[in-house]
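What follows is a set of structures to go through.
In the two complexes below, chain A is the common chain; its partner is chain B in one and chain C in the other.
Up next is the complex of A and B:
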């Protein structure tokens, strides 16, 4: 409880510091444009080519938006781990964190907070709502629960990716750009309709990093494309499992930490 | 500001050596190039998969052919777009941005060379080096892919030569635009937001997200004359053969015209800004 309080204190401090820069609304706008322009190629393709069998634009955008929202949440509330390999290990600042008698986890998670990252979440939620309305989904309690748990699971999964990267960074220090495949490039995979997706990608993002478990399966269950609610509700445990695996790697990393920098 | 031949010759010489040093420095980051290439390759493979699905299973399969772009051409386009994308100005060179925000710009102004061309050569060099490692690895992987995913040969030999010339002009254009944005950034109070937005707009309109030919029909003539088509769409059209080498004259002319406009406005804007610059820091 004390730690949660500390975390929110950190976030509050970083948030207020961010507001000191008078340009922050423009940064919010900037990320908003990034979020809107990212799927623009896909939308133009649908305009020109029409649907792919039963896979309409609404369906693909819904899956995409679920993944983007989860990623945005992780990026907003766990920015510290996202920055960790770059900002803390190389400069040696991590030594100071180790000295304090508080949870390492909280200190790092709260070390950065950027208000403009919230626009990805906002954009994602708008897109999800639009797609659900277009497909006439019933606003039942079960549907709402499935979606909320899915996004929460997605938040855990992407937080897991950041933590795992930080854990691996203890060993490699540099050359971590490939992790991009599991962050910003991962939700691009959802642009392929699942029936046509190459098996490798499908298995990688289902059984290793559960990106499809938190996006496709809940969306399918809610909109009635054929997957059961049981699979849809798996999103939360899958996300948690991946997060636990990442924490394990992180623990090993911390134990092996040798100071860098001066 | 001094002008005349006596001033420009040393500037040119200094800029060339800065360019050489920075390039040699950047070429040392081989591992970063390799790691970056893995991302580029992953990205291209997803794009190609999506395009293939649209070309084979969508309700209007013929739409791509009607737009004048076959799947084979589109696959080559996707590979090369990753290469050309590397030289687009996505952010201001971190060293230069550091100088603007920390106030070191005052020291830069003391140097007896033209500041615009000094920074121009620095920006150009930092854009060239990722192209060398990351770009060449991506290119090689593209060539050895299985047929459905392969980067195919250029449409014609003359088209390839035109592409190379157009590539050089694109490099000039990208750097010139990056410098124009850099001149805007000299006004510290704005922060990073506006410059990011301007550069992002350029990136979207360049065709890196989707070849401009597949954009909606009514935008086509606008898309071709706007400056950012010169980033990658024009050279790649020449490569895949959707633009004939005979049309290369005006297309490359267009690229160079835009580059000149950007250089001119960038440089004038910079000299205006430097007259009333606020030096930050202590």
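Up next is the complex of A and C:
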């Protein structure tokens, strides 16, 4: 409980620090434009050609929006981990973190926060709502639960990716561009209809990093595209499992740091 | 019972090097040649409560590594380290709540925010009760004279002002032990004096054990009764400052101002004589020839305008000591 309070204090500090610089409204706008412009090519394509088999525009946007929302949430609340290798290990600020009597997780998760990250979440939620309305989904309790758990699971999964990034960074110090496959690039993949997705990608994003589990399956269950609710509800445990795996890697990283120094 | 106890602490680092030769740079991108460096080699010492210890050594001697091990940031390869009955790297959270660390080259304050906000966060990090915090902060603000600085963003403070805030931040939770890693680096004379004064007071009043690494010998001279010298990972000297002086610089120096220019000449019992215009500098060993005899011998030859007898400059002692040990 104390830790959670501390985390929000950290976030508050970073939030205030961010407001010290006058450019923040522009950054909010900037991310908003990125969120909207990302799928815009897709939207134009669908307007021209209608749907691809069963795959209508709403379907694709829905899956995409779910991934974006979870990514945005993780980014808003745990982006500290993503910046960690660059900002902390190289500069030696991690020593400072080790010198404070509270959880390393809280300190690093709270080490970076910027208001403009929220625009991704906001945009994502708007898009999800719009798609659900277009698909005529019933607002039942089960549907709502599935969706909320899916986004939570997605949040865990993406947080896991960030944590894993910084865990690996202990060994390499820098040069982790390939990890972008699982961060910013991963939700781009969701724009490809799952039926047409290469098997390798499909397996990678189902069984290793459970991105499709937190976006496609719940969406399919809720909208009645053929997947069962059981698969849809797997999102949360899958995300949690991935998060635990990442935390394990992170712990190994911290131990490695302590024994090798900076 | 000693508060800090290190025995046979060793630590090695792997340092990667670029391969030599024409294509060294290119090859370095693929193959790493690494060299193992022994940063600490069986360091052993004990420090009691309330001691103020200076820890000196040339760059890269292992000072910071020792401090990092004592503060629990690094794990040594071998050896035992017990501080306040705890092993620092095993019980990190409990250990760090009893110590304070000031890195002269790094800040623990939030760069964009007033120091006040950072202090507020530290209060929560260390779970200091509100009333204790208020009292302690008032005390620190008064002795460090940082009242007006509290509301300014840290990035706008000068180095001396920031350092005072750093020290306050490190002492906010009333640690029993304070590690200071080059706290006076880059400070002007006034700030240095003020900081030393404060540290001394804090040590006397609250009995805080302090370990100070520095390159500034005046820090050591004014603050520390005990000095430890480290070089190439080995502890070379551990004892009182005057013992260090006696061992490595038994000589005294007479600076005499005469009223006319003179030529160089010899004086019995002098180790070296230098003449610069009408200033005469004589080094001698007081355990062989007493000071009054030396003064008499000089005075019998020339009328003296002014005379000062002093110890050899501590910077020179340390420099010659490093040289003697081939550091």
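Before moving on, here are some points about what is shown:
Please note the rule applied: the second predicted complex is superposed on the first by the 257 of 262 C-alpha atoms of A that agree within 3 Å, B and C clash if a C-alpha of one lies under 4 Å from a C-alpha of the other, contacts with A are read in each partner's own complex, and residues count from 1 in each chain.
Throughout what follows, a residue touches a chain if its C-beta (ideal position, glycine included) is under 8 Å from a C-beta of that chain, and two chains touch if they have at least 3 such contacts.
Remember, predicted model here, so these are calculated numbers, not experimental data.
Upon superposition of the two complexes on chain A, no clash is found between chain B and chain C, which fit side by side. By the touch criterion stated above, A:9 is placed in contact with chain C alone, chain B being left untouched. By the document's definition of touching, of the two partners only chain C reaches A:258; chain B does not.
Looking at the shared chain after the overlay, A:45 reaches chain B, while chain C stays out of its contact range. Contacts of A:30 after superposition on the shared chain: chain B is touched, whereas chain C is not.
Comparing chain B with chain C, the partner in contact with more residues of chain A is B. In the superposed model, A:99 makes contact with chain C only, not with chain B. Least inter-chain distance for chain B and chain C in the combined superposition, rounded to the nearest angstrom, is 7, based on C-alpha atoms.
Across the two superposed structures, the residue set of chain A contacted by chain B and also by chain C is 21.
Within the complex, the chain C residues that touch chain A are 11, 13-14, 65, 68, 71-75, 77, 89, 92-94, 96-97, 99, 101, 103, 106, 108, 110-113, 117-118, 120-121, 124-127, 153. On chain A, the positions that touch chain C within their shared complex are 2, 5-6, 9-10, 13, 16-17, 20-21, 92-93, 95-96, 98-102, 258-261. For chain B in complex with chain A, the touching residues are 31-32, 34-36, 38-39, 42-43, 46, 49-51, 53-55, 57-61, 63-64, 67, 189-194, 196-197, 200-201, 204, 209-210, 214-216. Contact residues on chain A toward chain B in their complex (touch as defined above): 21-27, 29-30, 33-34, 37-38, 40-42, 44-45, 47-53, 174-178, 180-181, 185, 188-189, 191-193, 196-198, 201.
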